[in-house]
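Letters are used for the chains, namely A, B, C, D, E and F, taken in the order the chains are written, and counting of residues starts over at 1 for each.
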Amino acid sequence: MTTLHLVRQSAFATNDFAQCLSVLAHQDAIVFMDDGCYNLKHSLLNSLIERIDNSLALYVIANHAKARAIETLVTINKVSMTEVVELTFNYNKVITWQ
Amino acid sequence: MKTLAVVVTTPPYSHLTITALNYVEAALQAEVEVIGVFFYQDGVMHANQNISIASDEYQAIQHWQRLHQNYQLPLHICITAAEKRGIVCDALDNEKVNQAFTVSGLGELVELTTKASRLVQF
Amino acid sequence: MTMIDTQVCSNVEDGNGLAIINSKAPFSSAYGKDALDIALIFGSFEQKVSLFFQGDGVYQLIDNQDGSLLSIKDYLKTFAAFEFYDIEDIYVCHQSLANRELDESFHIEGVNVLQSIEFSEALNQHAHILRF
Amino acid sequence: MKTLAVVVTTPPYSHLTITALNYVEAALQAEVEVIGVFFYQDGVMHANQNISIASDEYQAIQHWQRLHQNYQLPLHICITAAEKRGIVCDALDNEKVNQAFTVSGLGELVELTTKASRLVQF
Amino acid sequence: MTTLHLVRQSAFATNDFAQCLSVLAHQDAIVFMDDGCYNLKHSLLNSLIERIDNSLALYVIANHAKARAIETLVTINKVSMTEVVELTFNYNKVITWQ
Amino acid sequence: MTMIDTQVCSNVEDGNGLAIINSKAPFSSAYGKDALDIALIFGSFEQKVSLFFQGDGVYQLIDNQDGSLLSIKDYLKTFAAFEFYDIEDIYVCHQSLANRELDESFHIEGVNVLQSIEFSEALNQHAHILRF
């Protein structure tokens, strides 16, 4: 049982991303989209990258980050919306953090 | 079989709605069976016929109509949420509801959730 | 493998029923009420629905609140009807309570206080998740 | 002279609006001169004639009407915000706008802000 | 030049109260209302009480706290809405943090 | 005390003009645009208006953004018109920039980066404050 987490809010503004992290399981994946892209620069991401193993995956919607002038780390996979649709079915369920 | 139900809670004048639309359109183009979009909370504002968005802004309502027409995508609005927001759902006077949308109860959400292999909320 | 086994496997793989995560405090938005309406309709259609309370959502469960002081029709009173609707799986995040210095004094019975890992595991058993 | 202008950004179905109403009513009762309430963003939804809130819920719109009638409290809605939200502000067809409210532009907010000794936002 | 700060959001959920504190001046006052009442239990309040001097004042709308079953500290003044209206004119201006 | 002195005193006591605090990121809500519309109308009525950017609001000023990638009509471009509207007092909170690891590269000229105390003092000079 795996979960795809769609993170749409900035952790600099709200507590939602922190709540996401508290239920994150080993084989889950996170997609940063909308203002969730700002989390690429948040210190919570460091703790996440420390927790990362081969099974946890991080994605960001490429044009959502680019529109916001956010440089993306190499360890984060840039995806299109079509790939987000694919990911939806690669995981057992989806939680949207908005 | 990949079947998808989508819940939309943001209004047509929210930029977040563009993301929902892009996601649903990407799913339809990938031949995922999207069994319905359920508009809840401020999402029901999409069915308000009187909404007038500046012509140089994103026309979310027209895009939902287009997906409805091109893919027979079912669009449901929650009647309770709609009436709270001034969208009259009277069968005798339904000119205020955009005809691409079906006025439904929350029972429709139960139906969609039970049938879909994935439920995604925006 | 019998038909029943297949079904069990399928349930284990895909989870079962709907989980609703409540993340908002009760009295300054309609999120809690909107989530409650969904829970009750799932209950009345005899579909499995579980409720999770996390973040400021835990305030929805706290005892001795009184929305009538704010001229609000207090939807929290409807939580008492969960049993009638066969809504029995109610989980609250212990860490969220602790952060807010809240006791485990709830206005309904049968609330399960879970540590983050168990909270996550309980959530993980469901096929679909909505969050309000 | 204590003069007050108030900006309301929350819709009639938000509980936060009750706080705004209580504040304005307390000001009127304390004989503060409330020179106007300007409804902006989702606040304009108060002027939607078609809104139907369950009878056992707080009736924010009726309470604004009451303050308007009892205290001649000026209630302004921002036309741009209103049209985005499906409230038709056409002078020839203004039955969709609650008559307690005046359709105004943002210039009215400039006027209120300049005249008031205090501006309070809700 | 003094400011009355109306704090309407929970600092457990959003960053608004922290932003309020970053512009708080010595002779200002804070009124906790709506979900802002939850901040009475937030650790940011401790730092505020440490910063408190004879000039900084803290208020909470009594029925907003009581409705939420929040016990109020003695150092916080409980007020009615009528008193909030009075406070509005005791300070030079108002900022609403919502 | 002359009439002019009285007026000066009154201005010092009550502040001058409107300050708008922008606290939201630009592309997922209309808050930034709604605040901008107010700023421009004050400018066109020749009323003093100052803009403050704090919290996620600082993202509204950052260079090299492109809302068109999101199908959004990019209201940030209108910031270039501030000079035309005589909107000259634009302040951004240094701490908010630092927290977000942002450089002081803005898409408009004349942005004043202020430490918290100066930011607070500049805000304090105004008669009225709205926050979006």
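Here are some notes:
Keep this in mind: a residue touches a chain if its C-beta (ideal position, glycine included) is under 8 Å from a C-beta of that chain, and two chains touch if they have at least 3 such contacts.
Keep in mind that what you see is a predicted model, and the values were worked out from it rather than measured.
Common neighbours of chain E and chain F (chains touching each): A, D. Note: centroid distance chain B to chain E, computed from Cα atoms, is 40 Å. Separation between the centroids of chain A and chain C, computed from CA atoms only, is 24 Å.
Mean C-alpha position of chain B lies 36 Å from that of chain F. Chain E has residues 8, 12-13, 15, 34, 64, 93-94, 96, 98 in contact with two or more other chains. Residues of chain C found to touch two or more other chains are 14, 27-28, 30, 55-56, 70, 72, 128-129, 131. In chain D, the residues that touch at least two other chains are 13, 15-16, 117-119, 121. Interchain contacts give a graph that is no line, ring or star and is not complete, per the touch definition above. Each chain pair that touches appears in this list: A-B, A-C, A-E, A-F, B-C, B-D, B-F, C-D, C-E, D-E, D-F, E-F. Against chain B, in their complex, chain C makes its touches with residues 14, 18, 30, 34, 37-38, 41-42, 45, 47, 128-131.
Residues of chain F touching chain A in their complex: 24-25, 27-28, 55-56, 59, 62-70, 72, 99-101.
Against chain F, in their complex, chain A makes its touches with residues 8, 10, 12-13, 34-35, 38, 41, 63-64, 66-69.
Within the complex formed with chain D, the residues of chain C that make contact are 27-30, 70-73. On chain E, the positions that touch chain D within their shared complex are 6, 8, 33-34, 64, 80-82, 84-86, 88-89, 93-94, 96, 98.
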